[in-house]
Amino acid sequence: MLSHLFKLIWNKKGAHSLLIIEIWASFMVLFGVLSLIVYNVRNYLQPVGFEYEHVWNLDLASNQDTLEVAAKLERALQRVKAYPEVESVSRMSSNTPFSANQMGNSVTYNKVEVGADFYSTDGELSKTLDLKMLKGRWYQESDRVSKFVPIVINKAMEDKLFLDEAAIGKVIKVDDKKSFKVVGVVDKFKSRGEFMSDEPAVFELLAKDDVWNANMLIKTKPGTDANFEAKLVKEIAVMLPGWGIEVSYLTESRKNRQNLTLVPVLIFLIVSGFLLTNVALGLFGILNLNISKRKNEIGLRRAMGATEGRVTTQFLGEIWVLASFSLLLGLIFALQFPMMNVFDLDSEVYIIAIFAAIVIIYLIVTLCAWFPSKQAARIHPALALHEE
Amino acid sequence: MIQNYIKIAWKVLLRHPFYTFITLFGISLTLTVLMVLTSFLDHLFGSHYPENKRNRSLYVGTVVQTDSSGTTTSSGPASFGFLVKHAKSLKSAEKVTIFSNFSFSNTYVDGKKIKLNTKYTDSEFWYVTGFEFLEGKPYNDTHIRNGDHVAVITDALRDQYFDTNGETVVGRNIEIENVIYKVIGVVKGSPPTRLYTYSDIYFPYTAPKSNYENKGMRGRFVAIVLAKDQSDMPAVQSEFDSNIARIPFKEIQDGQKYSVLIVKADKYFDHFLSTFARSDSQKVMFYTVASLILLMFMGLPAINLVNVNVSRILERASEIGVRKAFGAPSKALLWQFIIENIFITFIGGLFAIILSSIVISFINSSGWIAYADLTINIPVFAISIVVCLLFGFLSGVLPAFRMSKLKIVDALKA
Amino acid sequence: MIRLENVEKVYRTSSIETLALNNINLNVKKGEFVSIMGPSGCGKSTLLNIMGLLDAPSKGYIEIDGSRVEKYTDKNLAHLRNQKLGFIFQSFHLINDLSVIDNVEIPLLYRNSSAKERKELAQEALEKVGLSNRMKHFPKQLSGGQKQRVAIARAIVGKPEIILADEPTGNLDSVMGNEILNILQKLNEGGATIVMVTHDDAMAKKTHRLIRLFDGTQVF
């Protein structure tokens, strides 16, 4: 049966080559869009690893003020902490959760080099963001011993940098004057939101005299509203004349961050959805034409004893062989992505996308061939033969 | 002749409504997406309110510092002083404005928080941009010299912050971060996609917290250089380039390890492109990827149409045979089918224009982009026509070629 | 007017070779009315197609009105067909999407004549076949005989010197058939050279000369 189908297809290779190109192109488009979707969905399913519900981000800018900036920051921190509405507060570098800022750096341990996001924070962050400690504990000011700066890393970093070894207590040399000492491991920290993949992260204890990292994450008690915010801004502004003060809610930043990913994905999805509808309609039309052109072949087959079901299967089989051929062609291209590690994505993403694309293509061609072949098979043999 | 072709094309369309539907669906859909896309690109890059003079504006937005091998780079907006020295001094320009990149702030009214975009500008800003003043007027050099706490706000902020009761808000006060500013003008707001000029509130650069005093090359300011005429732009650019080239090496080093300084006065699109594609090879890459996507996007429906058309050749076989028998050269037939296709594409284009107007008015009214002003204007329309022609040609040429190559004897037999 | 010399036509598919015409030598003089007869499948339509430059012979030469055509390009052939030849087919081959007058105008479309000129000539041709009152009709609204008369009008509108008719009466009853033959005879009297394929002895007898084909070979 299969070789019979191949023969039929081969004899009309000219007409079929265009169909193959069309199915191939649809597969490529589907593969691209699905990779994007699979990548994002997989990330979305992983928790961000921290609590952001009642957390505000207070962004301070010293502007033209250069006198005792570190001391002023410390005073502001203590003032914020003193409010009864505030549960906890911690200083952080400007790459606060959901913000557009990034600080990347690489660390080397035992000749393994890993690029990671670096966050400078104080000893309170794990409380403010409810970070889940897997091993060890969050660092304290007392952990800073001479040139050792305490750090906390996330699980992804531990796996990548230390491979099978335990991270706690490990010392990573940065330069002659500075070394990191790992005191704890947290689970996940996807600071750029749900759609970020779980990337290595390093938290470093802020220096006491630090003047650059002027963001404060404030965890407020439930029910705190903008009135407190206005009061807070006003009092800080009085405390720090000439400084820039901006408050944003992490919940809002999260929404903005999400839209940044969702809007393009949605646009791609809509456009490719229409594109595929277009292809499906065209495919249906072409198959309809092709099948109706072969009415007397159908009549002949029916006269020779083929059942309705057999004729239907024959036409479906033909389009499946064609589709398989196109998909084979598409696979040659698509498989390059996981093999060459294009865009540094997990190869699993591509594999899932490939499988999903294959299933969808088969579904589309089957749907498009089903109706015309069913209709053709129902033709009475005498009638079909008569039309010639 | 053409009349004859179109007559036939029309009849063919009416003969099989289903295939006509497939054809028109594909064409109008593809063209709709392309039209909305061009309209959106025009919205992003064309000259629109308030940057009405964008077609003769040059943007100095980023200072790039790098070492000679280009391995480490650092880039960002310039400092106020840097721009005053090298941009404001341009003799060939009509006007130059310096203003801060967007920054954020909040203000509070009745326990409600209003998120704000803030911007510090000079007085030329109001000349270079075409903001429409609904109330009051812009601040001038005197305000700037005195460091007055005055502000120009948008109509959206006015409606959020003040109880207007139909009265003007000029002269009333607005408090931001504990500083009280007097409103002296209200402008019609602009869409946030006008990245450089969009803001909710504008201050003179001498107002508090603008940091215009900062030293060094990098800061938070950008400049727009307005040329007298579009044809003047290359001259302005070269004057700016020579200004930059004159910066002494010591100043470039800036106490850092960087030895190379790249600052350009670019047209808006070039400027935009250079923010994520710095080198020429990256630009080539960008254009390749963009055209590949476009090709895929136009190619798939085109292949689809070609397929449908080719499958339908037999329907027209007798006609082709007769025409050939009576002396139609292959070329005449080729043109006949191409013209037919272009005709059909134009019908699809007509639907596409209607559809895209609906989509565009939906985008404009959805609030997805505040103050969105997407339009199907003449450039968008012209591009659409060109795309129509291209698409008709693309999807028509192969079937036409097949048809014209059909053997007469076979065609008459079918 | 038409000269065929050692013409041979072979159809090839991947495995089978069929000899459709074998060594045909023929000379149709100006003003002659020739009919070709033979059993079905003997190659008479192939012969007519070759004479009408619709198909190329595998071997041999063709001369139309003194010009040898074996080196002609597609464009030259098209031009020659357009100027010198008119075709009439058994199944009419009218374009259903065009009105009667538009159908008749087709040969003139490829001649750069003006719209006015085309219309006048088409009207004239339709008058000759007695259909000037049906100009705005569409082929579907016509009977078989009327359709064939439209086809004749189309064949003569360009005033060709040669008319080639492939079983013009094959799809018509005898009354209609005689009517068509009368028109052809009249055209012949007007100076046209006509070659007609037929399987009707009575029709063939009314022509000047009869060529019989059997299995691709000319038999006298």
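Each chain gets a letter, A, B and C, in the order it is written, and its residues are counted from 1.
By definition in this document, a contact is a pair of C-beta atoms (placed from the backbone, for glycine too) under 8 Å apart; a residue touches a chain by one contact, two chains touch by 3 or more.
Note that the structure is a prediction, hence the values are computed from the model and not measured.
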item: Farthest-lying chain, centroid of Cα atoms versus that of chain C; value: A
item: Busiest interface, counted in C-beta pairs; value: A-B
item: Between chain B and chain A, distance of the C-alpha-averaged centres to the nearest whole Å; value: 28
item: Where chain B and chain C are represented by their mean Cα positions, the distance between them in whole Å; value: 62
item: Averaged-CA centre spacing for the pair chain C and chain A, given as whole angstrom; value: 70
item: Contacting residues of chain B [partner chain A, same complex]; value: 18-19, 21-22, 25-26, 29-30, 33, 103-106, 108, 111-113, 115, 177-178, 208-209, 211, 213-214, 296-297, 299-301, 303-308, 310-312, 314
item: Residues on chain C engaged by chain B in the complex (per definition of touch); value: 49, 52, 54-55, 74-75, 78-83, 85-87, 89, 93-95, 97-98, 102, 105-107, 109-111, 154, 158
item: Touching residues (chain side chain A, partner chain B) in the complex; value: 15, 18-19, 21-22, 25-26, 28-29, 59, 61, 63-64, 225-227, 229-230, 233-234, 237-238, 241-248, 271, 274-275, 278-279, 281-286, 289-290, 293
item: In the complex, chain B residues that touch chain C; value: 1, 4, 7-8, 11-12, 15, 318-319, 321-332, 407-409, 412
